[in-house]
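Naming follows writing order (A, B and C), and every chain is counted from residue 1.
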Amino acid sequence: MLETLRENILTDVDSEDLRVIIISGPVFSSGHDLKELTSARGREYHMKVFQTCSEVMALIQDIPVPVIAMVNGIATAAGCQLVASCDIAVATEKSTFATPGVNVGLFCSTPAVAIGRAVPRKVVPEDRLEEETLGIAQRVCQSSRPVVALGKATFQRQMAQGRDAAYATASKVMVDNLALRDGQEGIQAFIEKRKPVWSHKPENVHD
Amino acid sequence: MLETLRENILTDVDSEDLRVIIISGPVFSSGHDLKELTSARGREYHMKVFQTCSEVMALIQDIPVPVIAMVNGIATAAGCQLVASCDIAVATEKSTFATPGVNVGLFCSTPAVAIGRAVPRKVVPEDRLEEETLGIAQRVCQSSRPVVALGKATFQRQMAQGRDAAYATASKVMVDNLALRDGQEGIQAFIEKRKPVWSHKPENVHD
Amino acid sequence: MLETLRENILTDVDSEDLRVIIISGPVFSSGHDLKELTSARGREYHMKVFQTCSEVMALIQDIPVPVIAMVNGIATAAGCQLVASCDIAVATEKSTFATPGVNVGLFCSTPAVAIGRAVPRKVVPEDRLEEETLGIAQRVCQSSRPVVALGKATFQRQMAQGRDAAYATASKVMVDNLALRDGQEGIQAFIEKRKPVWSHKPENVHD
């Protein structure tokens, strides 16, 4: 899909007749194919996946024509990153945006490079204060501790870097995240349609 | 006008009695005088215009008293940049903000230095998704391709720099933009009150 | 209080069972104890206060578990900085946020490191344009000129730096601010429950 997107973006990019690109449709709702991310495929393969993804996102900002994201539904993970990487985004009110990777043990560190640069970082809602706060806290507690720790540290680190350095940092972190025991457990659980059982230990799968 | 603004800002700036500056009135609605920007005036003159403009905008942030923009109407191009350069902005609901330089073939690259640092970058509106998206796409297509390409590339580049380096980058780009065949065509068309005929070629007027 | 907060944050921080921290309660409404900031305590003591504060704020972002601010009331000065330093903030509508240090002659330069990185910088309200603008201008004029000048210059400077360098810059500035005649006058007036009489001169208390 990333290669198809890249090919599509590069088609006629230097033609004078290409003036603007509109991206729409189900591409926003798809994240990475988790079956490609099991440890069976190996670290080098994982590195290639996230490098390709980062390259395509950077490409969108580097080509000479404006790219508009037209969103009407769910935009998640790399799909949400794709919206944030476009020059302009137009979305219906029923559209929702999420980076749910942490639920399968893979913190959305590369999406955060684009999203952290596109939207204000703090959200301050209404009156159900304790309910909201505890709800967020519970969602954190249902996640793997080392995955959250890696994601939090990486967010602070990459936000202080330029875009290209930030993508290099975050791409490597995605691979490190996959090598974590909990990174692989989350993906296995997703494939086997069961709830993940986190070790909460910062250990690699091959330690 | 820029020189008058500079003089006004510097008047009594070191006096203990000057404590705050309020800028208001038609100054926000005026961009550059396009007649000053034809190729007849030459590259050096253009460089001076944009350097002076960048210096005045930086000056507003560098003087020791707070500067408040009081806006009640249209703020465009360098006027919009002026609002974004002030320490505080107060505007009525009927106020509008725009950087329409691309319509006359001169992308607002220097205004984007201040605006890109003052407001969030993505806007996500309502339900008329396709209409909105196609409307934006059409406005892009009515612009000169090399002008848009130069503007897009410059935005990404200057946002990764500190303010002073960003203004140096963007000021030079404004001059390069003016040297483009389409940069001069846009300005000539504006002066002659006709629609511009873009070449869409990244060629300089003297090539 | 800062030391207590630091101890609380560090308690069990490396335990696998700690997964999220929620900060709530009156901690947000307390700024620094102004009695600690009189010139009688000396420059070294002041430096220690602001360094400790900056360290605790950075610590919140550097520990491996997410920290949620649960706010239901007034968050001011270092309390407002604390909210901005948390990974996530949830606040009721009755919550208010302010950095009122300038009223006692001590510009909130260290809070601005966190707040300037967490919220968009410009606020554009409604129709009472002149009233609003003049209200802001009057509040500026009721403040000490050298204190405002120091605060404005520091904001521009620290925003161009990385977080840790920004805190080093701002911490030193807080101490310089305290050494100003008007910095001490503001604090003395607060302690003596009278209105401050600003000198508006950029002189140190021991000059």
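We take it that a residue touches a chain if its C-beta (ideal position, glycine included) is under 8 Å from a C-beta of that chain, and two chains touch if they have at least 3 such contacts.
All figures in this text were calculated on a predicted structure; none of them were measured in a lab.
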| item | value |
| --- | --- |
| Graph class of chain-chain contacts, one of line, ring, star, complete, other | complete |
| Fitting subunit A to subunit B on CA atoms, where both chains share a sequence, rotation angle to nearest 5 degrees | 120 |
| Same-site or different-site touching of subunit A by its copy subunit C, using the half cut | different |
| Between subunit A and subunit C, centroid-to-centroid distance (C-alpha), Å | 34 |
| Subunit A residues counted as touching two or more neighbouring chains | 120 |
| In the complex, subunit C residues that touch subunit A | 16, 19-20, 22, 24, 61-62, 64-66, 68, 70-72, 84, 87-93, 95, 117-120, 162-163 |
| Residues of subunit B touching subunit A in the complex | 120-127, 129-130, 132-134, 136-137, 140-141, 143, 145-146, 148-149, 152-153, 156, 160, 200-201 |
